[in-house]
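The structures come next, written out as structure tokens.
Both of the next two complexes hold chain A, though its partner changes from chain B to chain C.
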Partner chain A sequence: MDSQLEAEAFKRIYPEEYFQRFLSEGTRPDGRPLGRARSTTIGFGAVSTADGSALVKIGSTTLLAGIKLEVMTPTAEAPDAGKIAATFEMPPLCSPDARPERRLEETSVVVQQVMNAIESAGLVNTKELLISTGKAAWVAYLDIYCLDADGSLLDAALLAAVAAFADLTLPPVRVNPEGHVLPVLSGAQGGNLRENGDASSEVVTVERRKLTLGAMPWAATIGLYKGHLIVDPTAEEEALLESTVTTILDEAGRLISLFKPGGITAVTTALIQDCVELTRHRARELKQILEESSQEDEDEGDESQ
Partner chain B sequence: MSSQGSLRKDGRTFNQLRGMVCDRGLLHRADGSAKWSQDGTSVLVGVYGPKNMPPKREDPEKAVLEVLWKPKSGIQGPEEREAEIILRRTLEAVVLAPLFPRAGISVVVQVIHDDGSLLSCAINAACAALVDAGIPMTGLLASVTIALAKRDDGAGGGAHLQLDPTREEQDGAQATVCLALETTPKAATSNGSVEGEAVVTSTTRGAMAIEEYLEALDRCRMASRTINAFARLSLDKAQRRLELPGT
Partner chain C sequence: MSARGAPSYSPYSGIEERVMQEDGAGPASRSVLGADSRRQDGRLPEECRPAFLQVGTVSRAAGSAYAEFASTKVLVAVYGPRESRKAAAYSDTSRLTCDVKLAAFATKSRGKYGQGTAERELSDLLHKALVSAVRLDTFPKASVDVFALVLESGGADLAVVVTAASLALADAGIEMLDMVAATSLSLVGGHLLVDPAASEERAQDGNVLVALMPARNEVTQMHLAGAWPDTHAAQAIELCLDGCHKLDGEMRACLREHAATANGS
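Showing the complex of A and B:
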């Protein structure tokens, strides 16, 4: 008990020294080797009121992503496409640094980088969000909520966004000639009769469907500390790191983003290659986790029916 | 570099920077200021400090750096806020902040015109303004943006990497890479090895092969030497205005 108290006190007073002692043994305060990410779980359909949602946990970093669809009139420049609008929220409960009156700077960086990755990888073809050319299209409001900010937020936010899009189902709708979008009530054929009465025969019906997703982007944040490469750092580690590099790759191994926002250490070409290599490994891992989770989700869905 | 008949719209070769102009000391009240232009892209930066900070924000161990990014018109959007944060973290890498504990340094960025490579231009301008303000730094920053033109309209080979793209080239590109490299005086003297300039900041947009990124990095390294040589000339106090026609 005494020695544990001592270790706790040492960590508080000399956090840097505490961290270095672990690193010199080739391990980290939470027992992971330097190159290993925390255990990751994905839960689909966490929010029943959303059209697509996912709850992602990387270690104790917890993010909830939800997509809500709304109908909009397509813009004149792109009459055959819908759009995606993303927000990222860090409420005060997620971290001791988050305050209600002031937005944390991570907030703007994460949302921009997540959107950048989704667009760069071509995950969602916005043309698929079209309901009727020039008349109606879906706008997908992607809201990512941070419930627990314990480091590597960008990785978790991107994973949550990708999983939410994988979970997204476009509801069936009908478009009448005036361009109004009406919901199709499943199994309630009788309800449609009256609608059919005043609308003419050119009602367009779009069936309930999932999106066909393009290349999925996978992110890995790697912390740099005195020549060590630390994969998936926690918030505690991030506070001590010299800088971080977030690499995003897609399945085909294309580079979607290499994001290094300043930091004390400047990196060399060799270091960049190391980061890409570590991300490749992590991308395979994440892909497998997503596939397994969606398989489980389907199995559960079958059982409940 | 021979033109091979495949020049860009503005007559530059693929590996050519735009002409640069650096004016220093334009603002009377600021401790340092610089206007950095790369042809159509132009940014004015004022530096205030080291100065007092409100006690709530001061750091007992080092100076606090603050960046304010003013867009050309309108109010700040999420893109500008992101640029502000990236610029601040980039400058933190080179400013010797521990020399001024409890102090603050404000860097105010006013975009005058954006014709592509804006973040790069802002980083170069901020670095020149910090030099003008006499803020001690570990080295000079040089930032370059490279656009990867889509394969079908590029001439193949290495020709599709466009250095210092204009807005039009940037919008039409398959991907863009913005890098900020630091040259420390030590690295500059040690036989100019390839690793002389290290990457402080990297942001990308669009998808590319890893080899393409690394090639862009090499091109940026070479271009950063030109920018650095130019910036070093402007270190001369008497040199208030310096122009470098396209190289």
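Showing the complex of A and C:
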């Protein structure tokens, strides 16, 4: 007990030395080797009021992404496409640094990076969000909430966004001649509505349907500290690091984004190559986790029916 | 957010109401109880939803709790006692701040940027329900901040927020006279429905919420609204008090279990 207390005190007073001692042994305060990410889980359909949602946990870092669909009039430039509008929120409960009266600077960066990655990889074909050319299309409002900020937020935010799109279903709708979109209700509940609806309205989507997702983007944050590369740093580690590099790759392993917010480190070709290599490894891991979780999700769905 | 551009709408919002209107049923004559006198979700009128409670869910908070009552899902984190950011001048008094947010996708129709009035009202009511239970004298000059996020609004939101918040305060080791358990009830077409679901709340003629310190049997907040016949009101409060006592048992079990696993590891 005494030695544990001493270790805790040492960590508080000399955080830097505490961290270095671990690194010199080739390990980290939480026992991971430098190259290993924390255990990652994905829960689909966490929020039933959303049209698509996913809860992602990477270690303690927890993000919840929800998508709600609304109808808009397509723009003149793209009459056959819907759109995606995204926000990222760090409510004050997620971290001691987030306070209600001030927005953390990370927040606006994360949402831009997530949207860029989704667009560059071609995850969602916005033409699939079309309801009726020139008249109506879906706008997918993607809201990502950070519930626990324990480092490497961008990785988890992107994974949550991808998983929420994988969970998204488009409800059945019909369009009346004025271009107004009306719901299609099944069973006794909507019987009257359907009869009362004018006969001229055209049923566009008959059944609930999922999007056909394109290539998925995968991200890994790598911390730089005195020549060490530290994969998936926690908040505690991030506070000590010289800098971090977040690398985003697409399905084919192509580099689609490299983001190094501040810090002083020499960026060499070798460093970039190392980061890409580490991210490639992490991408394979994440892909497998996503596939396994969606398989489990389907199995559960089958059982409950 | 001006970048949103043209306004958008949801074709499915308010669909329940429209279906009911077409069925020719007025708000008062709506059938809330089936032939077997059970509610839509199969509960008896005086039955609460199954509660799932967990503490220690936010890693960097002093204390935290997650509460799930069927589809009502709430996460609360407590920070402090820490330096008060709001106090500009020296102040001897301690402060309990409460802030409740609703996730944009928590409600049936998407919340416009910041759910404004509803959030302010919930924050204020949460503060009033908790403040008399917290021993403010134990952290002079400092502030304890309670932050709640409603992940999914499935009915009786405030009661769940209050319950989760007092669990989070207990988890943070903030001294309290007692934990606060809260239960609400809806009056729908003459029926008293304890711990209402969102659809029952939308159809209600009246609502009552009771926040109780169960061990002391003292009420920190009681809020009754709507058109209540006298006899019903007294009975409704009794039902809520009963619900609070049951909830208190579950809250204590949750804390005991957490303490046991923390010591075990």
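As a convention for this text, the second predicted complex is superposed on the first by the 288 of 305 C-alpha atoms of A that agree within 3 Å, B and C clash if a C-alpha of one lies under 4 Å from a C-alpha of the other, contacts with A are read in each partner's own complex, and residues count from 1 in each chain.
Everything below uses one rule, namely that contacts are C-beta pairs under 8 Å (C-beta built on N, C-alpha and C of every residue); 3 or more make two chains touch, one makes a residue touch a chain.
Remember, predicted model here, so these are calculated numbers, not experimental data.
Trainee: Judging by the criteria at the top, classify the pair chain B and chain C on chain A as clash or fit.
Mentor: On the shared chain A, the partners fit.
Trainee: Just checking: does A:V276 make contact with chain B only, chain C only, both, or neither of them? Give me first, second, both or neither.
Mentor: So A:V276 only meets chain B here.
Trainee: Does chain B (first) or chain C (second) touch A:I67, or do both, or does neither?
Mentor: After superposing on A, A:I67 lies in contact with chain C but is clear of chain B.
Trainee: Looking at chain A, does chain C or chain B touch more of its residues?
Mentor: After superposition, C is the partner touching more of chain A.
Trainee: Of the two partner chains, chain B (first) and chain C (second), which one does A:G223 touch, if any: first, second, both, or neither?
Mentor: Neither partner.
Trainee: Touch check for A:P183: first (chain B), second (chain C), both, or neither?
Mentor: The answer is second: A:P183 touches chain C but not chain B.
Trainee: Give one of first, second, both or neither to describe whether A:V173 is in contact with chain B, with chain C, with both, or with none.
Mentor: After superposition on chain A, A:V173 lies in contact with chain C alone.
Trainee: Rounded to the nearest 10 degrees, how wide is the angle at the Cα centre of chain A between the Cα centres of chain B and chain C?
Mentor: 120
Trainee: Between chain B (first) and chain C (second), which does A:L147 come into contact with in this model arrangement: first, second, both, or neither?
Mentor: second
Trainee: Output check: A:V111 vs chain B and chain C. Expected answer is one of first, second, both, neither. What do you get?
Mentor: Only chain B; A:V111 stays clear of chain C.
Trainee: Is A:S95 touching the first partner chain B, the second partner chain C, both, or neither of them?
Mentor: Second partner only, chain C.
Trainee: Minimum C-alpha distance between chain B and chain C after superposition, to be given in whole Å.
Mentor: The answer is 8 Å, the least C-alpha separation in the overlay.
Trainee: Would you mind writing out the residues of chain C in touch with chain A in their complex?
Mentor: 1, 3-12, 15, 18-19, 22-23, 57-61, 64, 71, 73, 75-77, 79, 82, 85, 99, 101, 103-108, 110, 113, 145, 147-149, 151-154
Trainee: For the complex, which residues does chain A have touching chain C?
Mentor: Those in contact with chain C are residues 46-50, 53, 60, 62, 64, 66-73, 75, 85, 87, 89, 91-96, 99-101, 139, 141, 143, 145, 147-150, 171, 173, 181-183, 185, 189-190, 192-193, 196, 235.
Trainee: Tell me, which parts of chain B touch chain A in their complex?
Mentor: That would be residues 78-79, 81-82, 85-86, 88-93, 175, 177, 180-182, 194-195, 198-210, 212-214, 217 of chain B.
Trainee: Give the list of chain A residues in touch with chain B in this complex.
Mentor: The touching residues are 105, 108-109, 111-112, 116, 120-122, 215, 243, 245, 250, 253-264, 266-269, 272-273, 276.
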